[in-house]
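Read through the structures below before going on.
Both of the next two complexes hold subunit A, though its partner changes from subunit B to subunit C.
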Partner chain A sequence: MNSDSSICETAAGALYSNIINLDKVKAAHKPLAQEQLTCEADGNTAAAYACLQMWRCILFAGFPITPSTKWLETVATMVASGKCGTKKVKLLEAEHAVADYLAGAAAACRDLICATATSSVGLDHMTECTRSLGASGLGNVLLINVFRATANYPLCIEGDPSDTLAHRDDGWIQICCRGVQQIYDTILQAPCLGMHPEILTPVMPGYYGIKDSHRSSRLVVEPDAKVHAFQDRWIGPAKLPGLINGDTAMGNCVTSKFFQGFKIDQKRRMERTFELLPQIGADFEKTFGRSGLQFVERLYWPEDDVVDLAIVGMGPDIGTAASLIEKEESRRGLKIGVLGARLLTPFPRDEYSKRLKNAKAVLIVNQAHHYGAGHLTLDVTEACYTLKRRPTIVSCFAGMGGATLSDETWQKMMDHACATIGKEVKRIPPVIVHEGEVLWQS
Partner chain B sequence: MITQTQQRKPIEYRNELNPVWCTGCGDYGVLKSFTRAFAKLGLPNERIAIISGIGCSSRLPGYCLTYGFNTIHGRSLPIATGLKTARSDLTVIACGGDGDAFAIGAGHIPHAIRRNPDITYFVMDNSCYGLTKGQASPTTSHEFKEMKGLIGIDEVPINPVLFVLSCGAGFIARTQSGNMAHMADMLTQAIQYPGFAFIHCLSVCVTYQGREIQEVLDQKCHPLPEDYNPSDQTQAFNIARKDPWALGVIYRRGLEATEEEPNAQ
Partner chain C sequence: MEMICGRLEQIINEEVLEIRGDGRAGSGIVLTMQSIVAMAVEDPTLYVQEWPFFSSARKGAPTRGFLRLSRRPIEKSSEITRPHIAIMMDEGVTTAIDFAEGVPRGSIFILNTTLSPEEAASKFRLSGRIYTIDGDRLAQHFLKKPLGNISVFALLMELIPVFDPRRSRTRLEKILKKRRLPELLVKANGDLFEASLNQARFADCDYARPTDHLASPFGGYGELMPGAQSRLRLSRSNLTSAYARTGFVLQFGDSQNLCNGCGHCIINCPENIIQFHPDPEIGVRVTGADVTNYCKLCHECIAICPKNLFSEVRTAECWKVGPV
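On to the complex of A and B.
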């Protein structure tokens, strides 16, 4: 990093010199791909490639934890090989140190991205800092969360989104990805949201551990130059260089009188996501020819939003469900649609109410343990609350701890939901389904 | 103070589970030495609790017919201290890897030493994070990081013995995973020591360090000098600084000091 004479002025009129010469950082970037490439990659590798291709992303920190370790290994190997210019990788002593390290580095220059990947208790271990970062305005911190059941008792390393869902109030934009290509594409778009001057909120893209982190498939890697041109359209130089007291919510100690103001500001920035996410997604699609960020993925969904049964879930399993629907529709004589959740926080309730307004029943598949109806169920139910004709909400739990959702499991859940159609039902207690059997009923 | 109660066999402290460690892993020897020490002391199974963190080495309690559990990465010491406070009649042993101890768990070590509970902390130092596939830990040497191309090459390794000695631990021993009799002897003495006792066990990860490491340990390790006096803290500091291969009780504070002034240095 080199010094630069450019000067920034704070609202109070104080002058601070810019400490990092962004042109030089950009010039030092060594491209991973000069032209579009196609390769086989697993989710962690795809996530690592995306990070390495961003010229702004120059600092990586990590602490290994299954199933996210390969992201760190890939980044470290590529950087050590000298193929990635001046990027730096730091292995820290634990995740709380990683999050703190990123906070320090990100505060030093808001124009540069500091990234890590973690999972499960690793994310929990960061909590004190992630909550502060959520409020900090440091949208240049990128935390990739590879879903794995949280808590050590019992310890399970497979993909279960209870970690990410336990951190929904940390103040981060959370996006769920499905499949290797979507992981790569989402990470390229994430900083455009987080670092947008009207949002300035850190982003936590996530994907299922093992099911997506370790499963390989075809990946299209875009040329770095094209990635840069796309990102540069959304990320401008930060108004203030960072490290200015009061410039981030980090370190401010306030009375209740001011506390709420901070929270309102945080909420206001977060909610700008609703407007900007579709714009960024549309630009991505125009640039790269693949669908960009969306609130929900319409995996099997009619243009007119008219369905008898809507199925809502997330991750790779909801993709599998979509492939079963054609047969299920003719077997059941019903119109069935499938939606895959993408934006988890802030929850795009308007999008869900728009899509679900004609549904007779909504089957919501939760893959993380919850003592109530399910994380996703609560949000979707709330989104349907204002609908003139409210659909029956059917909440199921399946695939917890990363368990496989077999065709029989999907059929059982659909049976459960379809049984409510055309009936007056007040409340359907949530059920846990596995291998086509109801294991538990509330 | 532990007193021998009855003649026991090491096998009586093993449960029916077969360890999932790689063939040749240093943790096998450690497990055997644990059961030997328990047998030598004639400890009733239900009076032993082994508390570990997370890592390959931290699986050890799962193979013992005693109380114990695999806890949270780096947290065996506060959990073991809590357990000892609630059940002072138990022989409490905390154990785990070098990562568990000196990376994520390092912050707890000085405080456990300050509190000086009557527990033993057995660290299996294979100089890497075995369970997460061989990354450098705080004890990995420069040479090894360079050889394997591991990140953190510019970072100075921690010297575990010097670290705990500086924090004021009353009992410090070093042993190695290829020498079962020595490990069992060190563990026996540590358990008998009435206060916080630390054992640094040089161990082997055959998968990520290489199979030759046990031979290297066998060649380099040697006993402390015959005239070595473990109650002399200055000598202990010298050994800690200069000789990373010396095995034996490096420091043992007199009992008077333990009772009256736990952290006297």
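On to the complex of A and C.
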């Protein structure tokens, strides 16, 4: 470690100092951008640039899986070209090995960010380790998840958040992004959250496969020095020792009594996200002039939170909904608002209660298959449960497997939700909508 | 040309210009679209988004590219179904998909073909402004292989008035360098770009009947059978034979009755097209495969057959269409 304060004595009395000298790591960083740059990039490239710009991020591990492969290719190419200083890319034999490698590396030095990107069954393959990482307190692990349905039969490479939603209980902070700029910005902020001494929880920012991972657009790349100054405000030298300094962060065997303690500890740390995320987001906005981390993105939403119909969804498709609202409001004579989910875990229920308190109906669009009402629906419904005047919850499934959400599909879902406004409805069964048609109703 | 440019400029200023292109994996449709993005990001008043659509199939399979361009922020992210400009990059793809589907009458069509605009409009029943450019021939000269994407990009640079075609060559070369193409090839592509300018022919044609190219309404998935996957897999819109290598076909030959009934080909075929009948001696006897619609030449049967009864042959050597 770089300073005397982080040198730690093990129980056996052994001292391991200066194994990793953070000052040297920082000095060896070669900036990707000396000044603000504008370039074209797709989601994977934007995510790769963000990782390469962080001086703490010197260890990358990966195993290629569509649609996240280009992240690994970009990182590997840049590192091999020598443009990024002394960073290291490790291609391993499978995702399980990647997760193990990251766990080991992250535990060895808690001050370094250990990053990978994966998708779908790749994330599933990491499961054994992701749950352990959730409990470990290794907030310096950064896993970029490119959403793709978790199955190899039928194999479908387009964006479907079933992978990330299947891993909601692994103990990671999960954040959804849309658009290249938001992907880049989110990844720069993610370690500030995960490595915050009060949170120490691994982070899993994610974006939709193909729909965003392969969508090219304008990307503003911030100068490395500015990125470092921002991150250094939030990431201090870890107070906890790493393995090198004699701590066993992983691999404990415990009795049930202690197991519960681990879980309570996990929850405590995770819940600190609610207070710190808006602070990090506000600092980001102040520094870079773009929106920082938020609980939800208010795409089309009034300041006073007064809407008749609220639409809640996530990912790039929620943008299509927002683009339609002006016309839909005048056509239907209703006030309609659109919210895009950003923080998925821990679920910011208070934020949703606050935003949805005046809504008459809430249309929740789920893009991952679920045998109940839908992952997002369950969370939003729970957030609305304590409201004095509960809105009608209308749950739809659309865009599963990354299917396109056309204007007609959004209009059909809005028809479905608007039909409940002003009526006494006990329960609306969820429906699957595609190309303006209801394909299935429970 | 000026009138079309004026119309496109108005769309970009006041609405969102939507472009859709169809080609085959490797035909360069994605590079064309990405090059437009690279041009657009240089102008801070322009908003742009581009993304491809492809399956997990290999080179030669149909691919689609989408692009939106506007002076207003673009929130919309759905697929483009009624484009202002439709591109056909590779004639081979027209057997698998309708590149003009949903394109409103009077729109712009850009075709990489040897045909004249009138011939192309008549063949594909198109109504609108038809541009044709023989990109394959031009590329054959400069790159020694038929690849229409640079010529189509050059034409787009001439058409879309917010870009300066004179700067496009430099920008294109920069993109190709970023892709680590050898210097000679970068220069050859630049020369190809220059040579493609002013090479397109155009005509206003009206060959589409009211029922042509209608965006077919989504009809659902029909009644599913028990173990429902097979009907979905064999859906008429997913003809996987389009993924096969052009000019080759699967052949089965067992004149000496060598099939030992192991059934490995039946189990391993991902498309379920192996034909067989019960046989009292060996259990099942394989008689061939229905290659008409679903054989994508994945080589599973060729690799697995212990008697080497399957092979890949040139289409010309196997004229028989249907079961082999």
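The rule we apply is simple: the second predicted complex is superposed on the first by the 419 of 442 C-alpha atoms of A that agree within 3 Å, B and C clash if a C-alpha of one lies under 4 Å from a C-alpha of the other, contacts with A are read in each partner's own complex, and residues count from 1 in each chain.
The rule we apply is simple: a residue touches a chain if its C-beta (ideal position, glycine included) is under 8 Å from a C-beta of that chain, and two chains touch if they have at least 3 such contacts.
These numbers were taken from a predicted model, which means no experiment stands behind them.
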Task: Joint occupancy of subunit A by subunit B and subunit C, clash or fit - done: clash
TODO: Answer with first, second, both or neither: which of subunit B and subunit C does A:282 touch in the superposed model?
DONE: neither
Open item on the list: Let me test your reading of the model: by the given contact rule, A:66 touches which partner, first (subunit B), second (subunit C), both or neither?
Closed with: both
- [ ] Please work out whether A:378 is in contact with subunit B alone, subunit C alone, both, or neither, and reply first, second, both or neither.
- [x] neither
Task: Partner, of subunit C and subunit B, that touches more residues belonging to subunit A - done: C
- [ ] With the two complexes superposed on chain A, say which partner A:76 touches: subunit B (first), subunit C (second), both, or neither.
- [x] first
TODO: Give one of first, second, both or neither to describe whether A:218 is in contact with subunit B, with subunit C, with both, or with none.
DONE: second
- [ ] For A:322, decide between first (touching subunit B), second (touching subunit C), both and neither.
- [x] second
TODO: Share the list of subunit A residues that count as touching for subunit B in one structure and for subunit C in the other.
DONE: 66, 155
Task: subunit C residues touching subunit A - in the complex, by the definition given at the top - done: 33-34, 37-38, 40-42, 44, 47-53, 55-56, 75-79, 81, 217-218, 220-221, 229, 233
Open item on the list: Quick check: in the complex, which residue numbers of subunit A touch subunit B?
Closed with: 63-66, 69, 73, 76-77, 80, 89-91, 93-95, 121, 125, 152, 155
Task: Residue ranges of subunit B in contact with subunit A within the complex - done: 54, 70-74, 103-104, 106, 129, 132-133, 135-136, 138, 149, 151-152
TODO: In the complex, go through subunit A and note every residue touching subunit C.
DONE: 38-40, 42, 66, 154-157, 178, 210-211, 214-219, 299, 316-317, 319-320, 322-323, 404-407, 434-437, 439
